[in-house]
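Each of the two complexes below includes chain A, the first together with chain B, the second together with chain C.
Up next, the complex of A and B:
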């Protein structure tokens, strides 16, 4: 889709893009200069890190460590989003249930999921189910709260519209309420994506022998610093990539829904 | 559509009975409507006029069952209204907020029909016709946001028309359209009552429009509002923008309503209309 851009905007955009590219490159070069000057085993040279990256994370390394991590991440995230969305819909439509559960939800939201890792280890044991469980848990409450809030804070005019024209049930939920709450829900999904990566890594560090987190910690403990750096590099790349993919998907959804704020005109008197 | 369509005995289709509404806000109580009583008979067009802030929207929301009055009640064919009744449509004053930005124009108009289990093809048909009748042919696929304010307002009118309600409530429905379109829409609305047996209650600022459209005009006093007068408009049907508006009786009625809006009288004498006609 082509966006009309005024002439003055082109150099500005190029400038912004150049800056976005320059900064990481400068950081990498800076690291390389510092690392070769320091000759410290904690800071291996870039080619060595890259070598470790290729051997650890591609080929058999990919199937052994990267793929299970990604599968757990995906499963936990989807499970958490789906259950949080479902719970949020229930709470958003039932004020009584919401009021009754409110203290519990507020409490659960303040608990860092990582702090509950021992509990999850105990309940679910070691294995992917533990990782998936903690990731889903970390996503669940944020989705729950935001979905509820999105449904509750919808424009009352939409409630009037549904009442007068008797739009009810599933149609009201899908066509009127959820689209109105979409910005809240998408914001929660974005926040939760980075939380999910974090929780995945930490949960693998404490309760797994395979996976990106487990391998990275193992590398540090066995003084394989190139490999440790390769792990951190992979996590950084993964984080950026997921965020970029999410942004693309979000924009596509909002554009399809005609909700992109760029075209907003606001209410006319 | 049973609630509206079964007039029983001597009951008028719609009766507003000593309606009052006081809003309670953090800033204190605000009495918007003090005492409003009037009847609307089946097939009538009744306009409500009054100064800005007189509580016209409040009144219409009470009639639509969206707002509970502080006291008094609304009767539809003699049955007290407790929520939005079946077969009634409302054209909201705040039309842009009442259109769903994520649906196309056609989607917005068909939504109430689909909720009423009208089959998809028939709903689309009715929606297209209604859109064409308000001059929005070919705009079906656009989003409300891509239309001007006046066009959005017409979408919201088309949505109400396609719904084919027995009772059509409109809150300043022609406020944002140009004079020419406004006349077209006025002339569009009038035949509807014959076509669909619609009863229409409309709120307007425009005295000309009120007199032109209505069988009766309810004039509200400044807030807290009471009914200053109910003026009968015995102009012959069918009305026409040229002949009706040139009729000397039109001028006199218009003058009378204008006087009432500007300098409200405490109570409407029963002879209002005779006096005007015999002058």
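Up next, the complex of A and C:
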């Protein structure tokens, strides 16, 4: 933000920045000091974790484990978002169908997606199709319900306005209704992104021999604690990074649509 | 998000159809399932008939092993959720009340919030094994996040005028905290509690699926490894019903808190 800053405000801003940086720096340094003093194999020192991080997740490790995880995540997420959006648009236009399906959708929405892993494992077998299936399922219903809700809660005046200007059909959906529902849809997409990462990791822990989750659990079981920490680090970084990327994309979309970002509490109706 | 349209006086017929439609939907789904499975449209190796699954569900409810697993899951879920409340709500109040404290903790909170709650599972498994303690720790740290965020948000968005008024009436700091800040944060904390309860259930199942802890998740793994598709369907259905029950219970609490404070 380009707010004119007076000279006196600069040290104050620096002070505020330093104040925010104290705890993260203290946590990292504190861990390093404690770990290198304790020499406990469960808590390796940071340089060792970093080394394991580089050897596990770059080069052949990237193509073997990281890339498949990310591809599954992306495929499942896109599939779930697209189908949930399409289904939500249909339900948004058919209030009676929506009412009839409501109990089933509520059931699917409150069923923890991880509970479906054994079922999907039996139906689809071990492989990327199982991971993609469960991720897509976990995303689908939240998108479905929020798209429907977003379309339904749009200002009724928008509908009247579209009728007056004779904006109908597909154009009305794309130009009027979906932008109006965008805060709901984006809030759902954000919630689902973190759910999708979680489901990806658990699905790999339960039914895969490759992937970040599988390797991390394997490292723990085979006493390779540096690698286990490297896996935990990568998963944490992945969660943060995807969330940050989503925030950037969300802002761009909402700015284009002329809307303010939705609050994080509005994810579910 | 309570964006409700204003209810219009609907004719009695419409009201009746609104009540009947969900019942019709569930009935149609059940019939479709049964018929598709019986006629072989959906092969039995993919979807067993609903009737068979229901019968299995019924026999499951008579088995002591099932009730032991259900008790294990319920205990871990409740203990983990309680621990997360004890952890996150006071922390949220303490951090949220002071702007300085909030800024001090802001960066780690923002950085750790999007981290999936099962990231620490391998470490926890290593340090405390696969028992009840492991489940509770994992559930508590997962469920604490939505509660912490909601509490922080609620405490920080307290209407400043209310606080000023309370100060003018010379309410002391503890009273201001409880009567003003906590009361105005309560609806958001209740929402956080609903989210936390759902998260806790999910994480609980993960600890059983991955960590091998006993419970409903372990029953699922057992049925799956025994190639018992009907069993997997039955237990999955039960898990869904449990999720529905949790959502209904905490949704009710949320509405109750909201109504209480709206009326006050």
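Throughout what follows, the second predicted complex is superposed on the first by the 236 of 269 C-alpha atoms of A that agree within 3 Å, B and C clash if a C-alpha of one lies under 4 Å from a C-alpha of the other, contacts with A are read in each partner's own complex, and residues count from 1 in each chain.
Here is the rule we use: contacts are C-beta pairs under 8 Å (C-beta built on N, C-alpha and C of every residue); 3 or more make two chains touch, one makes a residue touch a chain.
This structure is a prediction, so every number in the text was calculated from the model and none was measured.
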Chain A residues touched by each partner, larger count belonging to chain B or chain C: C
Chain B versus chain C as contact partner of A:217, first or second or both or neither: second
Which superposed partner A:116 touches (first chain B, second chain C, both, neither): second
A:245 touches, of chain B and chain C: first, second, both or neither? neither
Residues of chain A that lie at the interface with chain B and also at the interface with chain C: 264-265, 268-269
For the chain A and chain C complex, residues of the former touching the latter: 16, 19-24, 27, 42, 96, 99-104, 106-119, 121-123, 149, 152-153, 184, 194, 197-198, 201-202, 205-206, 216-217, 219-220, 225, 228-229, 231-232, 235-236, 239-240, 242-243, 264-266, 268-269
Complex interface listing, chain A residues touching chain B: 155, 157-158, 160-161, 163-168, 171, 175-176, 179, 257-259, 263-265, 267-269
Residue numbers on chain C that touch chain A, as the complex places them: 1-3, 5, 17-18, 21-22, 24-26, 28-29, 46, 100, 103-108, 111-123, 125-127, 149-150, 153, 188, 191, 198, 201-202, 205-206, 209-210, 217, 220-221, 223-224, 227, 229, 232-233, 236, 239-241, 243-244, 246-247
In the complex with chain A, residue positions of chain B that touch it: 61, 64-66, 83-84, 86, 88-90, 92, 94, 96-98, 100-103, 111-112, 114-116, 143, 145, 149, 152, 159, 163, 176
